[in-house]
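You will see chain A twice below: alongside chain B first, and alongside chain C after that.
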Partner chain A sequence: MSTTMVAQSLASGILVGALYGLAAVGLSLVFGVTKILNVSHGELLMLGGYTSFWLFTLMGVDPFAGIPLSMFALVIIGLIVYQLLFSRLIKLPTEDKIRTSLLVGFGLGLVLQNVALRLWTADNRGITPSYAGAALTILGVRLPYVRVASLVIAFVFLVALQLFLQKTYTGKAIRATAQDWEAATLMGINVYRVYLLSFVLGTALAGAAGTLVAVGYSVEPVMGLHWTLKALIVLVMGGIGSIAGTLVGGLILGVTESAAAVWISGNYRHVVGLVIFILVLLVRPQGLFGAKEG
Partner chain B sequence: MLELEGVDAGYKDLQVLWGVSLRVGEGELVALVGPNGAGKTTTLRIISGLLKPTAGSVRFLGRPLDKEPAHRIVEMGIAQVPEGGRVFTGMSVQENLELGAFTGRARKEKEQTMKWVYQLFPRLEERKGQRAGTLSGGERQMLAIGRALMAKPRLLLLDEPSFGLAPILVEQMFEMIAEINRQGVAVLLVEQNVRAALELAQRAYVIENGRIVGEGSGDALLSFESVRSAYLG
Partner chain C sequence: MTAKKGISLALLAVGVVVLLLIPRLGVSDSLLNLLILMFIYTMLATSWNILGGYTGQINLGHAAFFGLGTLAARMLYTAGRPLPLALLVAGIVPAVFSMLIGVPAFRLRLRGDYFTIGTLALSQILYITVGNVLPKITYLPMADIQNYQILPRYYIILALTLFTIGAAYALVKSRLGLGLVAVRENEDAAESLGVNAFAHKLLALAVSAFLGGLAGGAYAYYQASYYFNYTFSPPWSLEPVNMAFIGGVGTIHGPIIGAVFFVLLKEWLVLKVGEYHLIIFGVLFILVVLFLPGGLVEAWERIRRVIVRRTRAKVTVSPACARDNGLPGN
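And then the complex of A and B:
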């Protein structure tokens, strides 16, 4: 096996890993703050992808320039979904909330999948602007421009989110609510508004991630579960509430998958993620729901 | 300033408070004492709105609180230091204080209030960049009180501020509470440390099994026979 092949697989892994990180950070934010585990996050990401697909094919909007639009669409969808479904669970005790939200999210995911099937058929759809095929080649390693741009954009989003949470009053209120909603209430914070805001922020990030997936790869109605699964694996690896951890988790997952595809077989690409998932849970038996900010 | 009239309250099927009535006047320091599980914390949760009464009324400055959501009650001028302080351990001391001034009214005066809090608790200023999770028990309790003061409350609710502190710190804590009260903030103090609380308070209530069973000046209750035998040994 040539070093070029190794470098190529490493690079591909990093490029897709950044998107795993971006997909996971929305799920992680929503879960960390509201304790809603929204397993329809992948379907929301899919809707972001199709929004950009429509914007491009029907109106000729450049996918990167259209990111704010697909985020806006997902804000609206997020508002509807939250008010209609998840807001009803918001006052449940944490354990019940996690369990119930799993079921609600699963149901919602199925509905969204069928909606997508009607609107866009089962075909794989991609967005192909004029620059879609162009790539940078360094020492034989091919780096498609759209994927490199996506990596940069994902990174910018994560940094912006981090700054927002650290520096602004609203961001601090979100962190306070995530840590202890009763104490946050005693500060005069309306935690129910914080829940809504966090949920919608999460869906907006799903919208952005969906666009990047559609332009760098492709979208199809059944992709949701796949992306939710990736996001969950990254969440377990990176820990809840750590944006840097989420990014690193995403990159590790992407690189490991590529490595498995090259060294073992392409069929194993998606299995390694699950193996990592189980290993992390074994080594950290408190697992997904036991992670606490110290 | 604060009036509870015949308040019933509880959790799910369990009724905890039975016709609780109490009053705190402008600038007063009032203690609420009683054994573990008597309903002291529940009473404070009713006042701060974290829990709603099933009967009776709660009024503050003449306005009913029963229907106000908890976050609005903070804005109206009541701040609660919950049991154990419950500081935001993942955030710095300064961020905790900033969050205390979250409401519109307090946020405008944040800088001055913070100076005042740092004057009251110089220790907090020394540690302002430190994560609250790294503070000692006493420092956390100070931070919890400082954070509540950042809301510029007219009434401060304190839930066992001396719990778990070393004896010298307890004394300092009570001095701090007296000082805050002298500066014009009314205080409703819940304490297990009955003698110290009664010595400090102008008036006090004794609560048992969710009912107010005694009321009077701190001194009077100190000499009250059943209180003496139950709490002062």
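And then the complex of A and C:
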């Protein structure tokens, strides 16, 4: 096994891992604040990818420039989904809310997956702008520009989200609600508006992640469950409510998968992450980096 | 209560007799195939319901148990082992496997959602792994295919279905079954009354996995050919949940009604709208979860209550009284 090959797989792992982190941070935000565990997060991400695909193929919009548009589309979809479905669960006790939201998300995933199948067929779709094939080569390690750009963008999003949650008044309201919604209510925070905002912020992040997946890799209707599981794995590893933890969790998952592909077999790339997930769930359910849950 | 029980028993007996006689009436094979599908789906929904409905532990990876059942039964049956042994092992393998997630998840008193996403992950692990290790189509033995007999399959799967329903009934009506419901309603309160929540959840999981595997065994005996990993695919996880909820979760007859309704509606929708039927099922499922959590059973109860109230009102309201109150007299 050559060093270049190892370095290459490490690099590929980091590049895809950043996207896992971005996919997970939306799910984590929604779950942390609203206690809605939306297992159709992967399908929402897929819709983000298809939005960019349409923007590119039908209107020639550059995928990176189109990120705000695909986020906007997912804000609208998020609003509809929240108002129609998840807002009905928001007043349930936590246990019931999680359980029912799992079921609703499961059903919604099925619906979205089949809508995508009708709209875009079962084919793998990718976005191929003129610069798609170009790559940076450092010491024999090939780094495609689009994936490097995706890594940078994912990182920017995570930092921006961190700053938003730490520095702004609205961000503080979100954190307060996540910690203790009753106390937040007493402080004059409209928690229902915070729930709505967090949910929509989560779907917008899914939209951005979907675009980056479509441009760096590809999208297809059955990808939803796959990406939901990736996000859940990262969530469980990183712990809820830690953006840095989520990013690190995503990178670890990406690198581990690449390592498994090199040393075991490419076929088991996605199994390794799931096995780690089960192990973490069993051994350290609060996450590798998360604080002990109350 | 006893009169109601008597009616239920009579209906059940009539139903079983009709199902036993149907093949003798010279009906088409396609009807028998449809009934077999209903039986297998009834087994799936009933087995899911023991854990998901009665014990309140949502399993989104039931395909793992169904798939392991098909795999075990198919391997043994095509290797020439007797069918009863194949079916028994089809139940045991998933029951043992289920402990892999059950023992640690329930012992650590993980919250229910951890168990749920754990099952989702486990089923996905098996789906991918089986697809890698056995990436081919499995066929029934040549002798079975050349001389495919639907009648013995019909009767054996009917028997398995009745066994599944009977086992579920016996379990939930027993002291253990009451314990399961207690754990679902309030785990701490149940424990304070001496119910061992860990043991109860584990038992429900094992029975659910065993019966789900048995359904898999039935499928492996029935289906001439399929890809080995097909029975591990996500729809086999989704459909039992869907049927149990549409019928009425946490009741014995709910999953049966759900399975029959599901199969009929699916047949009809596939003819009418083709692949769009999956979208309709997804929407239906969400609507039931949100607005009718008791499913068709609850819907029927509501309608019945309204009818009873109407008729009672008619009986008790005398014409004179009705006239004074502006009600329609009888």
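Just so it is clear, the second predicted complex is superposed on the first by the 284 of 294 C-alpha atoms of A that agree within 3 Å, B and C clash if a C-alpha of one lies under 4 Å from a C-alpha of the other, contacts with A are read in each partner's own complex, and residues count from 1 in each chain.
One rule holds in what follows: a contact is a pair of C-beta atoms (placed from the backbone, for glycine too) under 8 Å apart; a residue touches a chain by one contact, two chains touch by 3 or more.
If you're wondering where the values come from, they're calculated on a predicted model, not measured in any experiment.
*Asks:* So, on chain A, is it clash or fit between chain B and chain C?
*Replies:* Overlaying the two structures gives chain B and chain C room side by side.
*Asks:* I'd like to know which partner A:Ala259 touches here: chain B for first, chain C for second, both or neither.
*Replies:* It touches nothing on chain B or chain C.
*Asks:* Roughly what angle, nearest 10 degrees, sits at the C-alpha centre of chain A between those of chain B and chain C?
*Replies:* 90
*Asks:* Determine, under the contact definition given at the top, whether A:Leu232 touches first (chain B), second (chain C), both, or neither.
*Replies:* Second partner only.
*Asks:* Decide which partner touches more residues of chain A, taking chain B and chain C as the two options.
*Replies:* After superposition, C is the partner touching more of chain A.
*Asks:* Of the partners chain B and chain C, which touch A:Ala7 in the superposed model: first, second, both, neither?
*Replies:* neither
*Asks:* Which partner does A:Val248 contact after superposing on A: first (chain B), second (chain C), both, neither?
*Replies:* Neither chain B nor chain C is touched by A:Val248.
*Asks:* Mind working out whether A:Leu274 is in touch with chain B, chain C, both or neither, as first, second, both or neither?
*Replies:* second
*Asks:* Quick one: classify A:Gly107 as touching chain B (first), chain C (second), both or neither.
*Replies:* A:Gly107 contacts chain C only, not chain B.
*Asks:* Looking at A:Val75 after the superposition, I want to know if it touches chain B, chain C, both of them or none. Which is it: first, second, both, neither?
*Replies:* neither
*Asks:* Please give the nearest C-alpha separation between chain B and chain C in the three-chain superposition, to the whole Å.
*Replies:* The answer is 15 Å, the least C-alpha separation in the overlay.
*Asks:* Applying the document's contact rule, which stretches of chain A touch chain C when the two form their complex?
*Replies:* Spelled out, the residues of chain A in touch with chain C are 37, 39, 85, 88-89, 95, 98-100, 102-104, 106-111, 114-115, 117-118, 225, 229, 232-233, 236, 265, 267-268, 270-271, 274-275, 277-278, 281-282, 285.
*Asks:* Which part of chain C faces chain A closely enough to touch in the complex?
*Replies:* Residue list for chain C touching chain A: 56, 58, 60, 101, 104-105, 108, 110-114, 116-118, 120-122, 124-125, 128-129, 132, 234, 238, 241-242, 245, 275-276, 278-279, 281-283, 285-286, 289-290.
*Asks:* Residues of chain B touching chain A in their complex?
*Replies:* Those residues of chain B that touch chain A are 48, 50, 69-72, 74-75, 79-80, 82, 86-91, 95, 98-100, 102-103, 106-107, 133, 147-148, 151.
*Asks:* Mind pulling up the chain A residues that touch chain B in the complex?
*Replies:* 169, 172-173, 175-176, 179-180, 182-191, 241, 293-294
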